[in-house]
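So, here's a batch of structures to check.
Look for chain A in each of the two complexes below; its partner is chain B in the first and chain C in the second.
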Partner chain A sequence: MKLKLHEENNVLIIEIKGKMMGGPEANDFHEALKTEIGKGFKKFILDLREVDWMNSSGLGMLIGGLTTIKNAGGELKLSSVTEKIHSLFVITKLVTIFESYDSMEKALESYR
Partner chain B sequence: MPLKKIGELKVNSQPASLAEVDRFTEKLIRKMPFPNEAQDDVAISISEAVNNAIMHGNRQDPQKQVLIRFYSCSQYLRIVVQDHGLGFTPNRVPDPRKEENLLKASGRGMLIMRHLMDRVVFRVVKMGMQVILEKRFPGGLPT
Partner chain C sequence: MESEEIKSTEPGAGLSAAGGSWAEKKVFSELVTLLHNVLSEMQSLPVGSIQDQRLSTFENLLNRLTHLLEHIEDVQRTRLEIHLITQIALKLSNVLDLQEVLALIVDSLKQVVDYNAAGIFVVSEDGRLVEGEFQRGYENQDRGKVHQKFDQGLMGWAMKHKVPIVVTDVMRDPRYFPARPQTRSEMVVPMFTGGKVLGCFNLESDRLAAFSHRDADHLMTFASHAAVAIERTRLYKEILEKQRIEKELALARRMQRELLPRSAPKFDKFEMAGVNLPSEMVGGDYYDFIHLTEKDLGLVVGDVSGKGIPAAFIMASLRAALRIEAFSHYAISTILSRVNDFLFESSDPERFVTAFYGVLDTKTGILTYANAGHNPPILLRNDGRTEFLTEGGMLLGAFPNGLYHEFRLQFQSKDVLVLYTDGASEAEDGSGEQFGWERIAEIARNLAPQGPREVIRSLLRSIRQHSGKAGLQDDVTLMVIKCL
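This part shows the complex of A and B:
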């Protein structure tokens, strides 16, 4: 799993690439979030377009991220949720927990 | 055609082993008659079983390893993941879909394995705990 961060209209966008399978990489994600929250960011979008697959540790990472951001008074939205990831959200009943958009444009639009 | 062993891997009980198992799995299942989506289902389920073996079964004990064996026949692929733990009672595991569990960061591995594979069996053996995962090839008979 690789992370790429950039800012657009005061929104912090995190692109995730590869497999979200947990292990040591989950910590990198949480560290990155904390750093960006520390810089004052409140609006976050996770871009999942290039995620190959995700397991329960990946889902745990997303939930942990959501909790961290909410506790800091911020918001997290997901963009480009693939069909496969969506089906995991359905199986686990997490669909109602995450605010998801099928494209980055729509996710950004929702913050305007 | 009877079940034949097609691969075996032993890894240390640390989270970093997950990537090693995934590389091995990917190479092995690439040659099988699975559509791409089913390949991912298998890789995801193996990552769940191995993660549980490392974290819950062996509790990251550096003295203990996790054994992963692959078998196939004309109808399906079988993976057996074995740890050296005491085992557990699968139907006592809380349902992660319950309202009070929805915001927990863990507890969804078994649900996901059961959903993505055609057959999932948990059994306690003399050595420890075994998780058996099976996935049918397209057009394969029920396992």
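This part shows the complex of A and C:
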């Protein structure tokens, strides 16, 4: 799993690539979130376009991220969730918790 | 140049050096002093009072004697060093106590290179500090570990450049970082393990110019043994840590096994079977048959996120919470809501459980259930239809105030319900292809006439075959209920 962060219109976009399987990488993700929240970011988008797979620890990482951001008074939205990951969200009912958009444009649009 | 000259004296040196003693050295030393005096006396004579040729012959003789003496000293030091190193190697093979081995190294070294203080320092795990592993001759040596920034002082320089340094006057060296007020000269050599800098070995003296480059060579030899001792202790600790983890995993495995049902219950109208196959890492799978009343049977299949001890503990909490709530006769929606809140309060939101819980009335064949984010159980109807039990609510333990809804279904004769965890449906083959619920459904339908036990046996065989050499990456749990 690889993380790439950039900012657009005051929204922090986190691109995730590869398999989300938790472990030490989950710590990197949380550290990155805490740092960005510390910088004052409130609006976050997770770009999951290039996430091939996610296990329960990967889901846990997302849930943890959402909780951290919400507790800091921020918002987290998902963009470009693949069909495979979407089916996982449906099974676990997380689809009702995560605000998800087909594309980055739409996700960014929702923040305007 | 120097070594060539030593070679030329070897025939003579061979005899004296091989059996050389400090007494012999003393004799030679006195001889040299004597010759020195003669030479300087001769030089002070007016020019021409002695033939130049004779003088140069005499000079040659003196040089040869000086080298011979140095050579004897070298050979003697090397012999002593070999003797001491052999003792250290013996200690290394018999003693596991690092401090004891390092003490022997530091004390043996003193016989070869004299010093007033010695320290063996090791780079910390994050590479930012050097920590004192063993010290002699420092005032603070007993007050816990000495720390210093990695790049500080002569030690930092030696480790950064990976070369030994000999400083004849520390007060004149800008790199010097004072740690001991009496020190006048110092020598540091880096220690390596597998090409990486492990730390350094330093010697300090109260005299100016106490150390030569030859001394640094000797120190390097001793330092290499110290490095072996330190590295070996680290590896040994790692092995112990690994064994500890293995023990914990075994405990988790046992805990998990003891909390799972030993056998499946039997009813007039229903046949059932369940299995849990723990993976190497120990996941947090859970299944249960809960005898609520004579005719009502609670059915659970759950999967805790993550692996190892934490997952096993949450699995145990889930089981306890669910059993307590289930016997309180609340509606399933209430039971799951309470279990959710309990798990949410007792673990990080990142840790969660997906679970299916249902109550089967074995007399009427009605199953009341709620699916909390779990892989949908597959209901294979006798008429060929396939239904999925998806509805219920959010996975458990991640969010507060969960809301769950319960649903009902009526079993018909020869209907088969298959419950499973993702360890079964997501078991991957070498190319990453998942086993999939479709295969589960197909095998279950084919084997249904032979009963739940056969369905499970066949499923496990197929999942194992599918996983191939890679083996199971996650726990596999299966439960099969057949209406007779």
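Assume the second predicted complex is superposed on the first by the 112 of 112 C-alpha atoms of A that agree within 3 Å, B and C clash if a C-alpha of one lies under 4 Å from a C-alpha of the other, contacts with A are read in each partner's own complex, and residues count from 1 in each chain.
Just so it is clear, a residue touches a chain if its C-beta (ideal position, glycine included) is under 8 Å from a C-beta of that chain, and two chains touch if they have at least 3 such contacts.
The structure displayed is predicted, hence computed values, not measured ones.
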item: Clash or fit (per the criteria above) of chain B with chain C on chain A; value: clash
item: Partner chain(s) touched by A:57 [first = chain B, second = chain C, both, neither]; value: both
item: Touching partner for A:94 - first (chain B), second (chain C), both, neither; value: both
item: Contacts of A:22 with chain B and chain C, given as first, second, both or neither; value: both
item: Which superposed partner A:72 touches (first chain B, second chain C, both, neither); value: neither
item: Superposed model, chain A: greater residue contact from chain B or chain C; value: B
item: Overlapping segment of chain C (options 24-32, 240-248 or 384-392) - the one that collides with chain B in the superposed model; value: 240-248
item: Contacts on chain A seen with chain B and repeated with chain C across the two complexes; value: 22, 55-57, 59-61, 63-64, 67, 91-94, 96-97
item: Residues of chain C that touch chain A when the two form their complex; value: 303-307, 348-352, 354, 372-376, 390, 392-395, 398-399, 422, 426, 474
item: Chain A-facing residues of chain B, complex; value: 15-16, 18-19, 22, 37, 40, 43-44, 47-48, 51, 96-97, 102-109, 111-112, 115
item: Chain A residues within the chain B interface of the complex; value: 19, 21-24, 52-57, 59-61, 63-64, 67, 84, 88, 91-94, 96-97
item: Chain A residues within the chain C interface of the complex; value: 22, 26, 55-57, 59-61, 63-64, 67, 91-94, 96-97
